[in-house]
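Report on the structure given below.
As written, the chain order gives the labels A, B, C, D, E and F, with residue 1 at the start of each chain.
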Amino acid sequence: MNILAIGAHPDDIEFGCGGTLIKYARKGHDAHLLVITDGGRGGDAAERRREQEAAAKILGAHQLFWGGYQDTEVALDRDLIQRMEGVLRRVGPQLILAPFGDDTHQDHRYISAAVVTASRYTRNVLFYEGPTTASFTPSVYVDIGTVLERKLDALRAHASQVAKTGVEHLSILELAQAAAHFRGIQGRVRNAEAFVPLRLFINVD
Amino acid sequence: MNILAIGAHPDDIEFGCGGTLIKYARKGHDAHLLVITDGGRGGDAAERRREQEAAAKILGAHQLFWGGYQDTEVALDRDLIQRMEGVLRRVGPQLILAPFGDDTHQDHRYISAAVVTASRYTRNVLFYEGPTTASFTPSVYVDIGTVLERKLDALRAHASQVAKTGVEHLSILELAQAAAHFRGIQGRVRNAEAFVPLRLFINVD
Amino acid sequence: MNILAIGAHPDDIEFGCGGTLIKYARKGHDAHLLVITDGGRGGDAAERRREQEAAAKILGAHQLFWGGYQDTEVALDRDLIQRMEGVLRRVGPQLILAPFGDDTHQDHRYISAAVVTASRYTRNVLFYEGPTTASFTPSVYVDIGTVLERKLDALRAHASQVAKTGVEHLSILELAQAAAHFRGIQGRVRNAEAFVPLRLFINVD
Amino acid sequence: MNILAIGAHPDDIEFGCGGTLIKYARKGHDAHLLVITDGGRGGDAAERRREQEAAAKILGAHQLFWGGYQDTEVALDRDLIQRMEGVLRRVGPQLILAPFGDDTHQDHRYISAAVVTASRYTRNVLFYEGPTTASFTPSVYVDIGTVLERKLDALRAHASQVAKTGVEHLSILELAQAAAHFRGIQGRVRNAEAFVPLRLFINVD
Amino acid sequence: MNILAIGAHPDDIEFGCGGTLIKYARKGHDAHLLVITDGGRGGDAAERRREQEAAAKILGAHQLFWGGYQDTEVALDRDLIQRMEGVLRRVGPQLILAPFGDDTHQDHRYISAAVVTASRYTRNVLFYEGPTTASFTPSVYVDIGTVLERKLDALRAHASQVAKTGVEHLSILELAQAAAHFRGIQGRVRNAEAFVPLRLFINVD
Amino acid sequence: MNILAIGAHPDDIEFGCGGTLIKYARKGHDAHLLVITDGGRGGDAAERRREQEAAAKILGAHQLFWGGYQDTEVALDRDLIQRMEGVLRRVGPQLILAPFGDDTHQDHRYISAAVVTASRYTRNVLFYEGPTTASFTPSVYVDIGTVLERKLDALRAHASQVAKTGVEHLSILELAQAAAHFRGIQGRVRNAEAFVPLRLFINVD
C-alpha cells in the first residue's frame, strides 16, 4: 500500500514513526514523506534538506516531498491544506502518519489540524508523538524492536540536529530511545512507537 | 489467530461485533465467545442459551464459553476477573473484543472494567458498543458491508429478544442496522462496526 | 422567541437542526438562518443560494442572512466574529444553533469557535452535528419523529448537493436518516436531532 | 410533570437543586424527593429525618421517600438500583435530578452511578453539584434569583448541619450562596443552579 | 525568583492571579506583568494604561510590559509568540501565570495558545481563570485569604472597568469575590485563586 | 512536614515516588509509608514484608504502616476507607502520594478511589504512576536526577520482584529508569517522577 508520513521539520518523521516506516518498507509497501518546512530556524536549510534526503534513504522511503514552508512560518489556512491535498492526490495513501495536535510547537499544532481536513477521504490516519508533544495517550502500537537501530541511524543522518534538543545535553538519539522504551513497556514489548488513531480500519478483506 | 469476544448477555456480542467475527472466521481465524450471564432477566435462561448457541454457529465461532453469572448479578470482584482469566488461559487470544465501559447497564460497566484487568497480557483489546453505550467516540472501524446480512441473521437467532429493545417498537435488528449505517458513514463506508481501542498492535511481522 | 441557526454552507443547517427549526417554527417561534459561505466549491454559488432560499421556506424560517464568505475561505478572525455580532444584534436570539467544533472541515471549526465568542451574551447555545463532525457526545435531544419527512424535504431542496456526500453513493438524505435514527435510539425515540450544549437555561419563568 | 430529586444524605438535595425544585413546585409540578441514607454519621438520624421533612415542605415537595441506607454504607450493587427503580415506578418522573459522579464522597459516587442505570427509561436526567463535587463543568442552568432566599430557608431547616461544613467556619448557607453566585455569573445572571446533563429533551410536543 | 504574569487586557491579571502575585511580591520575589493589549475597546486606551500602572503598584509588581496589540486584534501568529519570547528573555521567569485557553474571548484563547509555545523552556506554567473562562477544572490553589482586600484594591484601580461586567449590574469586584470564595471552598479555605497547571516542579533543590 | 505515601503492594511506592520521598526525607521531612496489601500473589508474603522494610530504610522513611489486605483482595468499601483514615489520623499528612486511578490492576483502581475519599481534609494530594498505569497525563514533576541511584537501590531491596515484570525479560529497574527518563524529558530534565495533582497548594505563607 501507499503510506504518507507528514512532518513539520526535517527529523520529525524519523523521531515519530521512523521505525514503523522501516518495517512497512521492508514488507514492500511504498512509504512517502512530506516535510512541510525546511527547518531553517534549527540549522542551515540546505544542509537540513540533504540530511532529510539521506534519512529518507535509510528509512527505505519511496519518495520525499517538501511542503515549501519556512520553519515556524506555517499558518493554518487554506494554502496549507491545499498543498497537502496536492501531495495526497499524487500519493493516494491508504495510511497517513502525522504529528499529534497537542504540542508546544505551533507548526505541529497547525499541521496536525490541517491533516484532519486534508485526510478526510483517507481510510487510515494515525498521529505520532515527538519531544514537544503533550497529553498523548496512545492506543495503537508498533513493535520496533527489530528496527530500532536503523531508526536511530535515520536520526543520526540529521547530524546537524542530533545535539540540539534543549534538554540537559541529551541527544535526539537518547530522547528517541527513551520514548521507544517507555512506549514499548506500555505495550509490554521492549521498544515501540505509539500512536493516537484518528481513524483506522482493521480486518480489511 | 485466536480471538475472544466477551459479552454480558446473549446477543450482546452479535450486536457489538458480530460482523467483525464473521469476517475473521471466514478468513480462518478462530473466534471464541464468552457470555458472562445467562440473560435470565430478559427471557428464559435455557431458551437464551439455545439461542446463543445457534447464533454462535451463524457467526462461525469456534467455541462458546459461559461465565456462569445470573443476569444483573455480575459484581466487579476478583471472582469475575478470575473466571475471565481462566477462559483466557484456555483460548490464548491475540485479540479480545469486549463491551465499552461507559454504559447505562451495570453488568456492562463491570465486565468492561474486569476485562481491562484480565486482558493485561493480551496484545490487542477493542471495546465495542451496544444499545445502552454512552459517550462512545470510536477510532477503529471494520467494514461489515459484505457480512451485514449474516450479522442480522445471528441477531435473529436470538428470537426471544428481537422485539425487546424498549425503544418505540423498534426491533434489535433495526437498532443494529442504524448503528452499522451511522458508524459506516463516520468511516465513509455504508456499514461498519466501530471500536474504541484499549491497545492495538499493527504492522506485526 | 427568536432563534438563530448558523451554518457554514447551504444545507448544513437543514442537516444539523432542520427538524428542530421546523418544530419551533410550527409553534410560532421566529427561526432565522445565517449561512456563512456561498458553498461555491460544492456547486454553483448562485444555484446554491436559490436552493438555500427554497429550503428556508420549507423550514418555515422567518429570515435568511448570508455571511458573505466564499466556501473554504473562512478565517477565524475578528471580521468573522463581527459579522456574526451584526446579525445577532439584528435578530436578538434567545437560542443559537451552531456547528460543533470538532469537525474535519476547517470552515466548521472556525465558525464554531467564532460562535463561542459572538454568542457570549446569548442565553442558550447548542451545537449540532453534521456528516464531518467528530467525537460528538450529545446530551440534549429533540424528537423529530413528526417532522422528519419535512426535514428531508428541506434537504431535497438542495438538489445540486443531494448526491454529493463522498460516501459510497449514499445521498445526503440517507446520511440524515441514519443520523436521525441513531441519535433517536440513543434518546430512546425513533428519530431525533442531538446537540452538545454550550449553555442552556431551563425552568425559565 | 413529575420530578424526582435524589440525594445521598439529608440536605444534599436542598444544596444541589433546591432552588430548581422550588421553581418547579411553584409552577404546579410535582417534586418528589428520594433521600438514600439517614445521614446518621453527620448527626442524629431521627433528628435529620425531621429536618429533611421540614425542608421538603419548604421546597414545596409533593412527597419524600427514604432509601433506607445508613450513612456511608451505600454499596453500588443491584439492591441500590432496585430500590431506586421501585421509587421510579411509583413516581414515574419525566425529570430526575441526581448527584454528579465525580465526588470525594463515596456515597455520592455510588448513587450517581446507580442513577445512570435506574434512570435508563427516564427522558431527562440532570446531575447537580455539592460541596464535595469535583471536575464539574456544567452546561445547563436554572436562574434561581427569585427563590434563593427560600432555598436558603430549606437549608436552614437542616439546623443540625448548618455549621458542619469542615471549611474554615463557613456555614452550609455560605457555601450555597458562593456556589449560586459563581454559577450564576458563569451563566450571566446573579444566582443560578448549574447541572451537567446526562440526557435532556427540549422542544417537546 | 522571577515571575511573569501575562494578561490579555488591563485588569485580567489582577482578576486571575492578583492575590498570588501580591503574596509572592511580599516574600521578595520579582513579579513582572505583560499586558498584551491596551484594552481600547473596553475604554480609553490611555486611561486604561494609567489604571494598569496603578494596579501594578498595588500588586507590588517589579515591572510592567505592554504587548502593543490593540484590543480584540490579537492574532495567533509568529509575531505574538516572538513578542512574548522577547519579554521572556528579559525576565527569565521561573514561573509564568497566563490565561486558560478555553474562554469565550478570542484574545484569551490566542494568548493562552501562544504561551504554550513561548514558555516551552520555562520550568513552571500555570493557567488562571477569568469571568469568561469555560470548563476550568483547577488542581493548584493559592490561599489568598490574607491578601484578598489588596487584590480587590488592585481591581479598583481599574476604575473605568469596575462596573463593566455585562452581568446583571454586578461589578468586577463582586465577580472576583465570588470566584475567590467558590475556589476557596473547593480547596477548603475561605478564599483562593485556582490554577490549571501546564507544568509545575515541586520539591526543588 | 508529614508526608504519607500509599501503595497497593510492596515496591509500588518505590517505583512511583521513591525519588520524591528520598528528596523530602533528606530535607528533614517525615515520610510515612502505607502499604495496603502484603503482595502475597507476587511472592512470599513474609519475604515481601522484609523487603518492604528494607526499602523503607533506603528511602529514609520515618514509619511503615501495613493495610492488612491480601494481594488482589482489596475491595472498594467503607472498610478500606476507614483503615486509610485511621492511618491519616495518626500521621496527619500535609501531602499524600497515591496510585493513579486509571490502571489495569484493580487493587490500584480501588485504592486510588478510596484515597480520594479518605484524603478529603488533606491539603495536597498527588497521584503517581506505575507499570500498569494508563492514560496518565502528568503536570507536576520532581527532578530526581540526584537521587535516581538511591531510588533504584530501594527497588533492588525488593529482590524477589526485580525480575517479575512480565515485560520481555525487563527488570523493574529497567522499567523505573525508562519512566524516569521519559518523564524527565517531558519536563526537560534528565530524570523525573511525574504526578497528576488532585489538589495542590503553592505559595503557602
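The criterion applied here is as follows: a contact is a pair of C-beta atoms (placed from the backbone, for glycine too) under 8 Å apart; a residue touches a chain by one contact, two chains touch by 3 or more.
This structure is a prediction, so every number in the text was calculated from the model and none was measured.
Considering every other chain in turn, the ones in contact with both chain D and chain E prove to be C, F. Each step here moves to a touching chain, and the least such steps from chain B to chain D number 1. Set side by side, the interfaces B-F and B-C show unequal numbers of C-beta pairs in contact, with more at B-C. Remark: chain D and chain F have CA centroids separated by 36 Å (rounded to whole angstrom).
Centre-to-centre separation between chain A and chain D, using Cα means, comes to 51 Å. Of all residues in chain C, those that touch two or more other chains are 121, 134, 166, 188. Listed by label, the pairs of touching chains are A-B, A-C, A-E, A-F, B-C, B-D, B-F, C-D, C-E, D-E, D-F, E-F.
Residue ranges of chain C in contact with chain A, taken from their complex: 72-73, 75, 104-106, 109, 132, 134, 166.
Touching chain D in their complex are the following residues of chain F: 76-78, 81, 113-114, 116-117, 119-121. Residue ranges on chain F touching chain A, taken from their complex, read 131, 134-137, 166-168, 170, 174-175, 178-179, 181-182, 185, 188-190. Residue ranges of chain C in contact with chain D, taken from their complex: 20, 23-24, 121, 123, 139-143, 187-188, 197-205.
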